[in-house]
């Protein structure tokens, strides 16, 4: 069965979301992944949006984390603080993030490119809720394209915490113990983090992708967890639901 | 208190709870009629140099008319609280780099220059990359915590995010240890904006407000702000408020002006009323690419427009708004 | 015109409440005073109850600070924190308190009699919201009967802050500057506080009461602000409204 | 953090946010049916030695059935959060000094032993003057702040009351200085109760709750508690919740048990439903004067009663409840 890289990424992301768990998502890929998970193996997955939507029945893809779709037929429409504080209490299991740059410890930059903070070369939006969600949810998932300008040795600006400088650094900074980066899903592979070193490593290669291709697309030394797996292709059911129910207008999967 | 670490960012507003109390002691408490026009509210309540905060979530339940009027009246040298500020920020940026002085001078940033899934604003990026705006970095929650601290009448609140990052280093937060558990926490300074504007579904003439859907940070913002302009889809009789006081989420004594602005969140989304006008927002983003095109676009839709009603008219008026209502209720794609 | 001591106290208390101001009240006398003020000189007086009622139109005297009367036709029914935080922000002008003991600085005891905290001779309810309201509202009003066991040199337990140990003590403790005890209304007199010493002093004697009577009923050295005034008697209008509209069942004024 | 002063009172519950997070990580998140009986909920969720908190305001919107059941099941050695605890506290005190062991062992006090305008409870005073209950002193707001700190997932919050008093000295609060302004503040430790019970107007079977009227400290309590029992006047279809999510104030994932208990706040007031039964409350207070009379009274109304429905029946049943409904709506004095 044919599928594109985006469809594969969404399916990989969806499979990571366990049934009966909570996930704080944004618009786009994360939202598509959560919707797909709900319609396949995780009907009791609870989706939350940082602007206040709790467990909506999403009729279409939201265009904003705060638009009315994010609390369509929800069980609660509340405040941003109420959502973030549920995260801070330890009630939210997963969050999905992205960024312009990511380093080996899963630290993300979504603030700027350049080295003058007050006059950056490129200004991006900033943290939004990403810093909060990455600090407070249990497991951080990242979905992003894989290229060396994105996977860098050192991010220009550390907007959102991964494992910071390595083992124990999150706890030393005061971030809640037991939290941190969990998986990175790219157009080439699924990556995780080494248990001792907290550095990123390849877990599985997407069909047709070589280990060397991934290492070359990564700007830092990347580990490999052996035995290296092969990413399962999307099933016909996953693709049908994704294409017909989750994203019929191909807003995401058409990118 | 032992400060373990300290962000370098400037603090644009005095976080002192005592100073805020002195101001709040002078604020009117009686049930008096506060209905006015947006033009008058902005003229009377927004002053050059003020620190401004805007309710809603960038493109969702935003007081568009107030942001337009601030730019039209050429307010200068404002501070701004940029929590997922998207179209609202885009509008305010029209007061910078376009020969109308400098509307924005200081910005607390959680999320600016982007419009979420819609892309980045070219003009907002020009403004933010120009170096003419002084910035301090935050996150959506910690900026909401700053407002919550002020709403609670405190000078600071603790939180568990920002820690360990450059966002912290460029913030004005500090790191402290909990006096009971030793847990490290970010101390987040209170933010008492000089003036705020919030768009709600319904308000009475005294400023008692109701809203439907997510409240984002608006209930705290309403309490934190020294002065507050409310725009509402509908003025309702005071009697309706008294019939169901559980539904009031902002009480009259927080409010300084009440303006009835139907479709007041346009081109943003107003939950249970109308969806965002994605076509207009796309045209706006496109117009921004070239400064000259953008100047003409703004002349047509903002600078050369008398008031918000005329803006709505230029955007397609009632027929377009009817389509957006149909989209909101998923009755029809509305095209 | 005939009236009893309670009626006079309520009238005195009501007159102190300015129009267009906010007052946090409890049940009983304070509530009767606020209702009387609204029906006479202060129609725009805003009444708040600590459990969450804002600006109710009280149909009858509430029996609890949280009962449904306290938000009958109110403009908002909210949380205790929302009310207390309005006080903390400096939005609430007056509060009315009572207590088992009061000292010269207006400190109140509503916790216990005795000197063993864990096994008191008499256990009273405790602060309730009194400590908060006395800390956070601008002006504290006290209504109480006047006798030497109540007006004491030293309270057995300082539940609720007056001027604490005297000038500057509230500010030194961290309480908001500019707040503090304002008036005490008893069955004998209206009392205030000396501007420099912060000690209680008589402002006006109720009709038929002598200075000596008040001094004798007070367990601490009491100042007198000269010229000592005579408390105005309730007017016919005040008494009519109090008896017919505010407390027709004589719950309070019949005590 | 520099601690300027420290209350002497014992802290009955661990304020650590990290420890609370560990517990909350194990709490169920799925939409599962939680409907059960009060007897089962109390048996399964309230354990000897637990720290308990009760919603409402003493005689207003209280989960009476849960407090009865706790005493009937002879739960022992509980801690208790006493914020304007009036009739609820009076009921729990029936588990002390009456030959049924000791229900209450530790109490955080803001307001106990009194019933507001109704007077003081003789038996609650006997309990509190016996020395068998260990106490720590607070105020209504600072006890609410303790719950708010927990609801926010923090180990402490600052507040500006308690300062300078014996209430502070007998509390477990501390005095700190604001790291930004130097303003002195009371640091109030978080309170994560082991178990809480809240009575609401409406809940669905998953625990999504609505209420009308004042919320007191219940929205924070619901989020702060490790385990939460909801009693409701009416179970409503889940679909109704989804029709108007703005009205949900407690989300299902905070809730462990849902019990439909009509008239569940009796003899307390339930706003928009029924007024308090002042006659019954007066008789209760009178019965307390003599321990033997009180024992007989409790045998009749609590110990010798099967469940809450039988209690309502012994108190006059539906005809009496009809009168209280008339009183609530001011239709009639109901006598």
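Note that the chains are named A, B, C and D in the order they appear, and that numbering of residues resets to 1 at the start of each chain.
In this section, contacts are C-beta pairs under 8 Å (C-beta built on N, C-alpha and C of every residue); 3 or more make two chains touch, one makes a residue touch a chain.
Note that the structure is predicted; figures quoted are calculated from it, not measured.
Visitor: Looking at A-B and A-D, which one has the bigger number of contacting C-beta pairs?
Guide: A-B
Visitor: Measuring centre to centre with C-alpha atoms, which chain is farthest from subunit C?
Guide: Result for max centroid distance from subunit C is chain A.
Visitor: Per the centroid of Cα atoms for each chain, what is the distance between subunit A and subunit C, given in Å?
Guide: 57
Visitor: Rounded to the nearest whole Å, what is the centre-to-centre distance of subunit B and subunit D, using the mean of the C-alpha atoms as each centre?
Guide: Each chain reduced to its C-alpha mean, subunit B and subunit D end up 38 Å apart.
Visitor: Rounded to the nearest whole Å, what is the centre-to-centre distance of subunit A and subunit B, using the mean of the C-alpha atoms as each centre?
Guide: Averaging C-alpha atoms per chain gives centres 28 Å apart.
Visitor: Averaged over CA atoms, how far is the centre of subunit A from the centre of subunit D? Could you give it in whole Å?
Guide: Measuring from centre to centre gives 40 Å for this pair.
Visitor: Give the residues of subunit D touching no fewer than two other chains, as numbers and ranges.
Guide: Within subunit D, the residues that touch at least two other chains are 17-18, 153-154, 159-160, 183, 185, 212-213, 245-246.
Visitor: Find every residue in subunit A that makes contact with two or more other chains and list them.
Guide: Touching at least two other chains: 53, 71, 77-78, 81, 88, 136, 176.
Visitor: Considering only which chains touch which, label the overall pattern as line, ring, star, complete or other.
Guide: If you draw each chain as a dot and join those that touch, the picture is no line, ring, star or complete graph.
Visitor: Across the complex, what residues on subunit A touch subunit D?
Guide: Touch list, subunit A to subunit D: 19-22, 44, 46, 53-57, 71, 73-78, 81, 85-91, 93, 136, 138, 176-178.
Visitor: Give every residue of subunit B touching subunit D within the complex, in rising order.
Guide: Touching subunit D: residues 1-3, 11, 15-18, 153-160, 174, 176-181, 183, 185, 187, 189-190, 211-213, 245-246 of subunit B.
Visitor: Considering only the defined contacts, which subunit C positions touch subunit D in the complex?
Guide: Residue list for subunit C touching subunit D: 26-28, 49-53, 59-60, 63-68, 70-71, 77-81, 84, 88, 107, 111, 117-132, 135-136, 157-161, 164, 169-170, 172-176, 251.
Visitor: Which positions of subunit D touch subunit C when the two form their complex?
Guide: Of all residues in subunit D, those touching subunit C are 56-61, 82, 84, 86, 109-114, 116-118, 120, 125, 128-131, 134-135, 137-142, 144-145, 148, 159-167, 170, 175, 183-186, 212-220, 269, 271-272, 275-276, 278, 328, 330.
Visitor: Which positions of subunit D touch subunit A when the two form their complex?
Guide: 17-18, 20-25, 27-32, 150-154, 206, 208, 223, 241-243, 245-246, 248-249, 251-253
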